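Provided herewith is a single structure, encoded as structure tokens, for subsequent inquiry.
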Amino acid sequence: MRKGVMRPGHVQIRVLDMDEAVKHYVDLIGLIEMDRDDKGRVYLKGWTEVDKYSVILIEADEPGMDFMGFKCVDEATLDSLAADVRKLGIDVKEIPAGDLPNCGRRMQFVAPTGHVFELYATKEQTGKWGISDVNPEAWPRDLKGMKATRFDHCLLYGDDLDGNLELFDVLGFGLAEQVLDPEGNRAALFLTTSMKEHDVAFIKHEEKNKFHHASFYLDTWEEVLRAADLITMTDTPLDIGPTRHGLTHGQTIYFFDPSGNRSEVFCGGSYYFPDHKTITWKAEDLGKAIFYHTRELNERFLTALT
Amino acid sequence: MRKGVMRPGHVQIRVLDMDEAVKHYVDLIGLIEMDRDDKGRVYLKGWTEVDKYSVILIEADEPGMDFMGFKCVDEATLDSLAADVRKLGIDVKEIPAGDLPNCGRRMQFVAPTGHVFELYATKEQTGKWGISDVNPEAWPRDLKGMKATRFDHCLLYGDDLDGNLELFDVLGFGLAEQVLDPEGNRAALFLTTSMKEHDVAFIKHEEKNKFHHASFYLDTWEEVLRAADLITMTDTPLDIGPTRHGLTHGQTIYFFDPSGNRSEVFCGGSYYFPDHKTITWKAEDLGKAIFYHTRELNERFLTALT
Amino acid sequence: MRKGVMRPGHVQIRVLDMDEAVKHYVDLIGLIEMDRDDKGRVYLKGWTEVDKYSVILIEADEPGMDFMGFKCVDEATLDSLAADVRKLGIDVKEIPAGDLPNCGRRMQFVAPTGHVFELYATKEQTGKWGISDVNPEAWPRDLKGMKATRFDHCLLYGDDLDGNLELFDVLGFGLAEQVLDPEGNRAALFLTTSMKEHDVAFIKHEEKNKFHHASFYLDTWEEVLRAADLITMTDTPLDIGPTRHGLTHGQTIYFFDPSGNRSEVFCGGSYYFPDHKTITWKAEDLGKAIFYHTRELNERFLTALT
Amino acid sequence: MRKGVMRPGHVQIRVLDMDEAVKHYVDLIGLIEMDRDDKGRVYLKGWTEVDKYSVILIEADEPGMDFMGFKCVDEATLDSLAADVRKLGIDVKEIPAGDLPNCGRRMQFVAPTGHVFELYATKEQTGKWGISDVNPEAWPRDLKGMKATRFDHCLLYGDDLDGNLELFDVLGFGLAEQVLDPEGNRAALFLTTSMKEHDVAFIKHEEKNKFHHASFYLDTWEEVLRAADLITMTDTPLDIGPTRHGLTHGQTIYFFDPSGNRSEVFCGGSYYFPDHKTITWKAEDLGKAIFYHTRELNERFLTALT
């Protein structure tokens, strides 16, 4: 949190059929439905998140990610960071408060990889779902499916990774992990503004603005197993897992929503502080970097994007 | 234990290079080396096993399984079961005590699938390894690698499954689970003489006497993860996992010893009593039956045999 | 299963208020309500059990255990075991089929410690709850509370442990573990007729026929944690745990039903085969034998009996 | 990290006998011995920590904590925070670089509760122990005992909690959780400068400068069980656990070093961001706040201090 960006605060995901999507994100992943708006958007969150929502589902003709937002410590930080981003030659648009319901003004811009990001500092706080701020119980008893605790990060594919590294450095993110090819070119960036090993990550890809997955945090490896079981019980398309990543060392499973967007649930993984040296994975060992156990990429992981 | 057969007591596995094999079974899987004999055979066991050994490694020109032995409650049971087996028209050979060191006489025969099995009732008991019979601690502190607790079962491939079912019924085994094709032919048998969901299993295959894997028991799904990590750290060839089986619902990982023999470590899984109805998996759903999460067979699982 | 007794099949527990009791055993422990009879008795089971029920709750003026029943492999075994028990000078009463609904005839007798046991061979089989016999899923999605998988064993307090040891030896049970005082007197017996480290256990106590607890099996140590959390969330009186036993090395938590009967949920623990040497704990180390971590008994564990 | 303080960086613990202390912190807890100095001090760390050491053991006549240090992002932050602390009327002493080996200058002061704290920005970085910065394996294979991953926090007892709250607010810490009595007085402060629910905590106590425990992080609840087992196997005095805290919801076990200093190993627990509302526990429910499962304090927890 070197410059006042706290965490991934929300992501807007395009889905082809809202009813099917809600079954996936609410009944299967276990996010809580918090609201719907008059445009038909559905607002969700994981039960440990204190803000009103973190995932926005919107019906559209094709799947993918509309934008990802980061929450900052205060409104002043928004202006200061917007100024810093503009200095990079990136246009920043201010969207007024209320455009997203219960959310303050947002400073929105397109990253060099073509993805839309935004910063905001204010969102209605409803507190953790299902437990009190006073004498809180350990967890709420009415969780569904995988019982995902929070929206954690996104992995995005795009072309200009050097540009994004410069942008996120300006936003105070650290480069926790990277993949380097023998010529020293970066093939992947794992960027963080917190103790988490990644708040957003990018993998090099010829097209701009591709969405690889949104990720949700589980408490334990046993929850990852139960998530895997639920994927089977619900005939949900599996990508890969349960397994461990080399990058971040998190324990993970990937699967697809009914629109073709990939979801991840994971647990564990390394932690980061700003004085940590960047961890490097060699591009020639990308298989092991991504899938620590098989040490092989599956084609789908590299090409199924939305 | 309907007729006095207690459990899988030992398996003799052929390996191409003993030093490499010991690294696999002792340093990686965590079996304890208990003895070597003048033929160069190495005797191993898991730490919870009370008999002196359960895995016998023998150097040979090609990998595979020489024989699998079941321990019976007493010597009288050997004679009675041998008589029952002979009634099936199967020749039973008595091998005198001491042929395997520290082991009593063995009644050996070839099953209809071509695999060699034997029954015995006596083996030197050295007790659980590393803990006492009096005020035992929960586990020994000096275990290596995956810390496998016991030799658990074998999965074998062969042709005459109906013949084997008849044989193992005579030995008092129950058919805990099976795979049936639409014509009602059995494609797999999971047989047990204990509370375990399988003490030996067979999958239909055109060749006789093929060895699919020997399996070792771990305590928890977290140990399966650590096993997977160790497979990677030691550059051991992985087959598949961590995952769950449909058949037995055990949580598992498969990998190969340096000779090409497959090993499994697993935990969990269903339990069996003699009044349990046989669980049936449909052959058309064999992918899910074998690999519950991917719901797809990998070719290697069906064809990499020794 | 040396003589045809398979497992603990049922226990009848006296409760002061049925509605409160059902909340405890169904909503909290997660047993399934399978039936009620015209005497107001409620029939429950864990989801992995294939018979129709295993726990019978009956309203009464004081708490405790009415009887514990063991299921045998067939009706002929009942007569043979009844004859063996009578040879010990113990009276055996035959209760006709249907006295317990959906249950065959039962051979009932009073053990030297004053507890009522019975043997039976027939009970309606409804299969595992919530999953099919064909292509079964890994677990049912609608389980409640602690999601207990089965009724596992009882621990009973009474005076004549030597008499009970003789009785259960006649029934084919093995003495998996014992507590011995310096004079060689037995202070505790852990008896089993299966691979489980105990199907019934006795602790020396001056009174006859006291009930210490009924125990239910959980899959993992993480489930024990969740059970502990639920005990707190429901303001259920805790006895002790989460912890590990020395005896059996199981991982456990104890708590009380609204009538004062103690319940246990546990996981893990050692396994037994008939050739295992009895494990001995020294009476002077009883604290560690019972509670492996604290190495101290709590007074309640020894005196809160029903 | 509102004002540039990153994390607890080190703690100096007084021990009566260094050889015994090393057995406790290295062989049992699993910290790595990194160095010794000519004053006989021993320097330790958890394997995931990138700086050279985090725990300093020093032989002394009585146990307790000498000081706790927090690492800041850079040297300029030290001066700025020292100035802020001095504005509170607290004397700040600058200790030159090298006074602690491999450590830069430290700004040291006494908190209102009488505890000595210090800030520093520079320490030799040796990287995570046992794994590489390039293609790192998931964990090192040669860890001992409980395999503690890092020094995590201290809990300290003292009188002037309001004074400490003001001090740590100036240092940029947030109040993640608190205990309030009915009059609104704070009985406990859980303070954090990271995503962790506490980097340092204070409990109200009449004496100044008492040390309750130093805490080390484990990965899983299963590791907490193994820690508990090791405490028993090594005859280490147990305080309480395994259990869960109400405050932070971490899963924990407490035990004592040979000098009487309390140690904690724990896993899990809530996470914190600066916009989180402070969680409040009522002083009248302090039992549940501290020990979520027993809902009772043990006297030792409140009075065994060093």
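First chain written, first letter: the chains are A, B, C and D, and each begins at residue 1.
To be clear about the criterion, contacts are C-beta pairs under 8 Å (C-beta built on N, C-alpha and C of every residue); 3 or more make two chains touch, one makes a residue touch a chain.
Owing to the predicted nature of the structure, the values given are computational and were not obtained by experimental measurement.
The greatest centre-to-centre gap from chain A, using C-alpha centroids, is found for C.
Looking at which of A-D and C-D shares more C-beta pairs in contact, the answer is the pair A-D. Here chain A and chain B face each other with the same set of residues for the most part; over half of the interface numbers are shared between them. Mean C-alpha positions place chain B and chain D at a centre distance of 48 Å.
A straight line joining the Cα centres of chain C and chain D is 44 Å long. Taking each chain's centre as the mean of its C-alpha atoms, chain A lies 31 Å from chain D. Residues of chain C in contact with at least two other chains: 138, 220-222, 229, 232, 244, 288, 292. Contact residues of chain D toward chain B in the complex are 137-139, 141, 220, 222, 229-230, 232-233. Those residues of chain A that touch chain D in the shared complex are 1-2, 6-7, 48, 50-51, 71, 73, 125, 127, 133-136, 138, 194-196, 219-221, 244, 246, 249, 268, 270-271, 273-282, 285, 288-289, 292.
Within the complex formed with chain A, the chain B residues making contact are 221-222, 225, 228-229, 231-232, 238, 241-244, 251, 253, 288, 292-295.
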